[in-house]
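Heads up, there are several structures right after this.
Here come two complexes built around chain A, the first alongside chain B, the second alongside chain C.
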Partner chain A sequence: MSVETATVIEVTNVSRWYGNVVAVNDVTFSLGPGITGLLGPNGAGKSTILHMLAGFLKPSAGSVQIAGEPVWRNSERLYRSAGLVPEREAVYGFMTGYEFVFLNAQLHGLADPVEATRRALSAVGMEHAEKRKLGGYSKGMKQRIKIASAIVHDPQVLLLDEPFNGTDPGQRLEMMELLRQMAADGKTIVFSSHILEEVERLAEQVLVIVAGRLAASGDFRAIRKLMTDRPHVFTLASSDNRRFAQALVGDESVIAVELGKNDLTVRTAQFSEFVRVAPRIAKEQQITLRELIPTDESLESVFSYLVNR
Partner chain B sequence: MNFAIFRLTVRELTGQRRMLLMLLLAAVPVLLSIIYSLGDKIDHPDWTAGMLTTVVVTVVLPLICLILGTSALGSEIEDGTVVYILAKPVPRLQIVTAKFAAAALVSAVLVVPATAISGVVSMSGVPAEGLAAGFTLGVAFGVLAYTALFLLLSLVTSRALLFGLVYVFVWEGLLTNLFDAVAYVSIRQYCLGIADAVATVGPEDLDADLAGGVALALVVVVTIAALYFATRRLETLELSESE
Partner chain C sequence: MWALYTQSLRVVFGIGRSFWAKAATFGILVIASLPAIIQLGVAAISPEDINVTTPEDYYGLIQPLLAIFCAIVAPDLVGRDQRNRTLSLYFSRALRREDYAIAKYAALVTAMLSITLVPQLLMFTGNASAATDVPDYISDNWQDLPAIVGSALLLSCLFGGIGIAIAAQTSRRAYSTVAIVAVFVLGTGIASAVFEAAGVGTGKYALLLSPLHVVQGFTYWFFNVAPPIEDNRQLVEANFHGIVYAIDAAIVAIGCLLLVIRRYRRIAV
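Moving on, here comes the complex of A and B:
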């Protein structure tokens, strides 16, 4: 299977439904070498898309191709040049780390499975625990050994489902560095995450999935800007809410102010500017600012904005 | 067959606590035979045929094959570890045959010697009449058919154990006694047919409804058909997600 072409992964008008429930709705994208983050809240359809990319779910409509070949019922060819890190934590608990990675090397039919196993364990920094049983591994260690098993055959395409779950910050940085290195070597890496910061730190391209739809795709910085520049809602409480509302309305960063019984609700298009300006205005007006809380900073609300914009 | 998957499966099946339970199950006919041989020892062939039929062929053999056959792939599908085998450039037929071979081997190691030993012990001191040999052969072939069938069942339904129990105790245990034609779709009857072909006691002693040749042919057909459909099923198996 050749992966020389610029487009490695091609998803065309793909939908997937379970009975009456639509999990993925008419999604189209194409990806080349580099790191792509599949971002979305839990239950958005990221795993469904990743499962279809991995050949473990048949699209109800549309087509999924990797390196120009259909994925469904083609695992034998697909996994000669692809690797998969599943989200589920389960591993063969009775095996040692070394045995597990070695098994994967054997199943790939590698000429030198011992050397490949050593290399993969070294890449994820797990040589120190290679003789321990997987059943005794922490969640982060299991994630790393799963990655080692997925890269043991040096795949051109690597699919990872929530790969940083359970890892500590240090391990996360090391794994990110490993993936960056693989991307620099021309590999195509797709990982799913529901954590914005993970995607921000690692992905060059991002696909934002919300409620089964592709809400946004492309360069991460452009999408991040969209997310940042959207209207934000704050709840404020002060010593004189009415006077504070009057003063805030005069500032350019404020779109609207609503006076409540004990607080103020302020809408702004400039998140960081408002956070800077509000205390200053309060000081100028000699008003005590008791509370300044962003009310809609959940990832879901960010994604909802992207869908509805 | 893929030997890496075969070795993995043997380790999975033998390294668990349920193995102790199955060892105890396999020891039941041996213990019964020892107790019998220590007693009055009246009517050896009748007792031996009855015990091997009701204890080994009707209960021990299908139960052990059911547990191991449905676990070989079913447990991995249930806990998600099957992905490490499926996400590899390994043909599905190789996966199915390796899983089948491992489960059949472990089942055979448990049941076949137990059958032979209990047959020999209970017939000690009298002419063997081919009973121990017949049942041992019948059980060995039964292992193949049962294991293949239960492996397929684990790929078709997540309640393979329940459906397997219904097949063994309702279909084979009840319906074969009511309708003769059911013998053609009863692995228990295949075992008895093969045992009867080897043993020199009358067929009425073994309750066999099928001739030995027919039984053997049906074992081959059921085993191959089950493995074929298991492979086809594995090719289109969809893994549910965790999110």
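Moving on, here comes the complex of A and C:
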């Protein structure tokens, strides 16, 4: 398959601003079938990008196309080949799960809404609760019903905004399995998340969004390596900090060592190598290593590194 | 669009929901039908030809109920979707935003028809079946049928348009309910006051901005009856041809629908 035919989502030089505030800044990417994670801290612009993909927001500049069709003001055509699971979409509590999915099948004008509803409910494993009112569903069940309603017309593209928010670990695993299955069937799935681990477990491709910019994109393993091999700062405490500092500074993985009153601050560019080497050096020097703590492991620091590199 | 229309009607009439969700709508529907029911009762038991009310006066009799019904139903129909954030549900389906606005408007007009057309038809059918000579009654009164349907439809479009145009502006039910009632009640009061203050020459145009005056104006025109002076002095003095009220109502109804479409084309979800 050529690259051209594999491209399903095409985002070209897209920016979106609100007055003087730039929410998304000149973002370009193209996606094909498989699962892509839109990763970034809260407020980074993920939802804005997803809303532009969904046709809810007009890009201030640039273009967004799905399956070769422009997205903005084209919802009737767009949603024949796409489905959306919004983060905040509420459901009518008085409707049963079946009625809700059936309504969506009717809204799409499907020829056989009954069969489509059955298929969608079966795909998300919700047949057992289809006659219960949505008001009595758990968060995870509501998410599944929302997915069922988004895939009732068997779309090629599925967009999900923070789909795992509020779900418990079991529900998360089930949903991940469902999305993997859909990706294996050739669907293009894009989901947003601010949790690295969620993206790591599910996405084959990652778009890292920070401060409205595309900080990194591509295969998740390459980006993970990029994140891991950035400069890290560790705080160490040992039985002889001065001698330990002398020994560490001779290792290739160490960039700088600062001797504090009761501890050492070490900068390294090789995270995994350093955590392996430091205990070995301590053992060789017959120094007791009491503490080895990475000090800047927040997601924000990872993201800011990617942006500034 | 049909699915959204039928689902909206389901919301209006509380189908599949609790008793209380149905209570307000059906309660008003029953009260609005009372004059028709009383008329039927009287016609059934009295050998005399007694008119409790006439078709052309029916809307005047139930005016407050029409306003209250619209003020209850319109916010439920569109405000609920904004409040529950279900707009994203509709706008992420193979449905244009214009379709959403039109389906909601059509549902409100249909709901209004249940309170305008149904009691009138009930009264007509009842009077016909209570008549000693049914075919004779129908041949004498058949002209009322297009007038009943026409006036009920235009009234429902006008009230529905005003109601939905206001309700679409906010997710807060209380605000839109008060605003809708205010437009109907204050609109009438202000138009009457302006009419009296400015005199017939200029003041008569104020009546065209009052929904209740407009409804009275086109209803008498539909039934081809001159408004009786004792209850409609201002209408009589204004002396507009009835079609002016009908055209005015149609323009306002269409204008309101365009406003609603514009609102949903721009609304953020």
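Before moving on, here are some points about what is shown:
Keep in mind that, in the parts below, the second predicted complex is superposed on the first by the 303 of 309 C-alpha atoms of A that agree within 3 Å, B and C clash if a C-alpha of one lies under 4 Å from a C-alpha of the other, contacts with A are read in each partner's own complex, and residues count from 1 in each chain.
Keep this in mind: contacts are C-beta pairs under 8 Å (C-beta built on N, C-alpha and C of every residue); 3 or more make two chains touch, one makes a residue touch a chain.
All of these numbers come straight from a predicted model, not from anything done at the bench.
Of the two partner chains, both chain B and chain C are touched by A:F56.
In the superposition on chain A, contact of A:E76 is made with both chain B and chain C.
Once the two complexes are laid over each other on the shared chain, residue contacts for A:N42 go to chain B alone; chain C is not touched.
Chain A uses residues 54, 56-57, 75-77, 79-80, 83-84, 86, 88, 90-92, 94-95, 103-104, 106-109, 149-150 to touch chain B in one structure and chain C in the other. Those residues of chain A that touch chain B in the complex are listed here as 42-43, 46-48, 51, 54, 56-58, 73, 75-77, 79-80, 82-84, 86-88, 90-92, 94-95, 103-104, 106-109, 149-150. Touching chain A in their complex are the following residues of chain B: 2, 4-5, 8, 11-12, 15, 79-81, 83-91, 235-236, 238-239, 241-243. By the touch rule above, chain A contacts chain C in their complex via residues 54-57, 75-77, 79-80, 83-84, 86, 88-92, 94-95, 99, 103-104, 106-109, 149-150, 153. Touching chain A in their complex are the following residues of chain C: 2-4, 7, 16-18, 21, 84-86, 88-97, 268-269.
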